[in-house]
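What follows is one structure encoded as structure tokens, with my remarks underneath.
Going in written order, the chains are labelled A, B, C and D, and every chain counts its residues from 1.
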């Protein structure tokens, strides 16, 4: 404690001196790349992402960014990067939804994103950052700094807003489109059956519900009838689902749609089993990956994927993805030739390939505005692992808008139940019914190695 | 009668009690530590988590549930004793901020360490008891064989602790060491050993909770004991921090309340409404609901 | 020479910069009540607490029946047969009378049942209140409980810190007589710290007068009681 | 030299004002010199320092331990954010004042039980409060943005400022410097207030209540009111920090303000030094730069930041530092500085004494 003003004054001075010291070392770190601060040099390009490494969303999801990293590493070593540029992919833990004390730090994507921006030499773009709320909160920051925010890992419709955020792009099929495809399938295959719904109490659940209703089901708002919401954190600590499922059981609900993250999916199907309730589960692709959910009662549930079914061992992209993961024993030490891919791994490789395609299409002149232009003009023709085309245009930054209906065929794999050679496509955001389009199986370009 | 058991209200009661006994167990271990050393152990939940992970790892191959339970509880016992010896002993007689900070730091190390060693994915120990609820005429009674085990475990631990404190020589010495350490030492009671023992016992009791949680639906993650710590603390504080029975009863009350809120009100209310109860309860009876008014010791 | 029950040599104790005891030396013999007298702050309680191991001396040594116990732990000293009834009696108010006594017997290898019976016989009022919480006892009853709790372990040395504090004069007289009886009957060595020099000197065989941490007198109780200068300057007994 | 000492002794408030002014000018200069990213760190440091000095008052001065100040930060941040939703051009000072007012009220409400609760009960209750605030905010629904949080227009840099610092053509740099400047000035005002408060009648009363509440009561201090006052001021500072954080980040998420943040505040406070202004400043800087430091440790040791170990490295380091600080240097870094300076001074004094004795 300061007893005399002199000592306090000297302490204030000391603290400011210390701050000068700290900041100047920081300045030294960053000044190296102060010129041309966009993360691009003649032989490298630096990108980054914020993803959950710890916390409730991390199981499974942390594999997404790692798989992408493996793909970049693979291309870096096999093909000397893209157009001679090595891809340097930085990952930051976003500490999202850490329920208690685990992730000591300020759990704000803002500061993690700031740290990415602080990378010496600058940051070219964030690619594949995960989460809706976490990425919503840094849209302005990235946009103001002119840094593209590419392929946000979330099915929210927030990414499709080219007029306000011209450098922001989604990648996966959005929750509304997914809901419409589910509704279409349920109407065709479970005629006049009663449908229940459990959704996460944010835009994930809300958008999904919107999609189901636009697709022709009439499910009431969450919290009424057989439509329920849960809180992500509550799903981890406690058991909010027993009474919901029990009510559905009493109401003889035959189909239950889940817009839930994997940990909640697991609790729900386990709870349903525990009360002897056996409806047909239809689970959002975000929360259905069987290896992540890791529960035998999930077998038989339906889901949507915009990537080839994991059981399809002949699919060229699945083959390539396995090769990529096997080459990266540091990040996937337990992955062997016999291992089955998870949806999360396919997904990470999916957007990583999309980014590399865009980079390749730009040629030598890599700029932050250039990649936006390339995605808008050529994105829809990129060969990626996805089974539908990326529908990027100057007015559409959402990305994929369709997929395959799949069945969880075992505790580790999914099998397509969509008519062979076709996929569902949900088109725009209106109420138009999904259409069936051609299943795209693009070959793996040779430059990927 | 059986129709009553399948009613919605009874369902909520059963689910609430099953959840609440776990809060009660953590509350109970907080009470033991508080009684023996006047320290609120912020790392209580994390220590239980860590001990259970140790048990799980040792038995990863050819898992036997009872052995795992025993080893986890033993690991909890050792961890608790070692913590007292190494971290807590230098804190006696220091301002309380010191103990709070050290225990919070320890909590951070345990959780981050558990993530570093075992990862963040939830792990389960498969129990020999079914998690499926009993059925009657196609209706569910929200009790499973496992839930009964869970309640029985909590009651057993509570009875052991209460019996130990109330009826044994050791309990008498433990209480004396807590109430009047200097007098106890003058009477030849080896106070230091007892303080270590108190922490070891508390940590072992907490480990029972973590083992049970790890065999339930949610499984165990490095951080999901935090929630149990918070509600366990609320239970212990509402119960009075002095009374093992009070902690368990208050835990059960909080569990039931949360379940009713989840069922009849917006579910998100469940996580903050117990805090309101805590504030109101402490305003009315600062010494806790189940604790006898005690003269302030000088 | 036969080993004294307690032998203190050149003992010095300080609280930080303040010296509480300086070079204190004396012995206490079995069967003898040694009164430790002196004004407030003379170091009487410090002396007892140092003997019990609650305080650590800067210098000097303490020997109990020939064994050096200078830096032993309090609980080990107690287990050697040193009973210490601290200032304010130290009964545990949350415990019943009997629980207090059981606690006293715990560390010693004595028969609990016989010990309880013996103490209830010695202090009948405790027998009547055995299930009551100690907090409900009167001052005199608490003092008896504290003594009984120390005695139940069959100590060879008994340290009593201000037993008369807060007691009515009549109760004090009774208490002092009990102490004398116990000492005579059991051959105990008693160190009796008292501010009330008059009543202590009445029963003590020997007396030590402390003044500002040093021994001002070390003589037979009757001599001390007769020494007018001591009475006047150190004991406040001038008339 | 003597005249400066005399000036400080005779006019302490003026001396404090002068010191604050000098420090503020120095920091503003620094903000203009360094690159935009260090500006955001300076802003973060200022914001965290405000919250930490508020906690320092509560714990260090009044002796009440709170693990709930993240809750007050949340209240401050969301007050500003909700206000900004309804007012396109919100006045900076107005929204900060509103946040401070709302969080002060919350502080008084939470402080009321403090008049009857002691030690761990109080700490535990504040922990429960911190735990409850994010779900409470989420349960308010669209009003507070639910779990998705709220977003609002970014801070507008005035043209005069941009041209004054010569960044007229670089709006990014200007924006970041402007944000840092605002945070530094607000922090300076907050610290000036706190410096004076520490030495005021109320500050002394708080110290008295901390050391001996019975004695405090005897000399006529209203113990209950003093305790609540400490809570109120601490909450006001946390609310101010929350409001600034929202303004600088132009977004708020309920998850940001979880128990982890409270624990970080407490840790940094202890690390910097309890009950000192310099300690709070050091703590703020450590908060801002801790991520960079940890990632440097990551790159030195070659630990993959996405591995389980890499992700939890910060938690482990923080925990170890906390325990080590408490067991080895309980007065924190500020105290360590004092001890070193005292040591040096005593050595100097010794030398002087020696040389004096050597002269005949």
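Structure notes:
Note that in this section a residue touches a chain if its C-beta (ideal position, glycine included) is under 8 Å from a C-beta of that chain, and two chains touch if they have at least 3 such contacts.
Note that the structure is a prediction, hence the values are computed from the model and not measured.
With respect to subunit D, maximal separation of chain centres occurs for C (centres as means of Cα atoms). A straight line joining the Cα centres of subunit B and subunit D is 34 Å long.
We define each chain's centre as the mean of its Cα atoms; on that basis subunit A and subunit D are separated by 35 Å.
Subunit A and subunit C have CA centres that are 77 Å apart.
Look at where the CA atoms of subunit B average out and do the same for subunit C: the two points lie 44 Å apart. Multi-chain contact residues of subunit D, defined as those touching 2 or more other chains: 131, 135, 138, 259, 263, 267, 308, 311-312, 314-315, 318-319.
In subunit B, the residues touching two or more other chains are 104, 107-108, 111-112, 115, 120, 226, 230, 266, 268, 271.
In subunit A, the residues touching two or more other chains are 53-54, 58, 62, 98-102, 104, 201, 231, 233.
The complete set of chain-chain contacts reads A-B, A-D, B-C, B-D. On subunit D, the positions that touch subunit A within their shared complex are 5, 8-9, 12, 15-16, 19-20, 22-23, 26-27, 30, 34-35, 37-38, 40-42, 44-45, 60, 131, 135, 138, 146-149, 151, 154, 172, 175, 191, 195, 198-199, 249-253, 255-256, 258-261, 263-264, 267, 275-278, 281-282, 285, 287, 289-292, 295, 304-306, 308, 310-312, 314-315, 318-319, 334, 337-338. Put simply, subunit B touches subunit C in their complex at residues 169, 172-173, 175-176, 179-180, 182-191, 294-295. On subunit C, the positions that touch subunit B within their shared complex are 52, 54, 73-75, 78-79, 84, 86, 90-95, 99, 102-104, 106-108, 135, 149-150, 153.
Contact residues of subunit D toward subunit B in the complex are 59, 63, 65, 67, 110, 112-113, 116-117, 119-121, 123-125, 127-129, 131-133, 135-136, 138-139, 259, 263, 266-267, 270, 274, 308-309, 311-316, 318-323, 325-327, 330. Residue ranges of subunit B in contact with subunit D, taken from their complex: 34, 39-40, 42, 87, 90-91, 94-98, 100-102, 104-113, 115-120, 226, 230, 233-234, 237, 241, 266, 268-269, 271-272, 274-276, 278-279, 282-283, 286.
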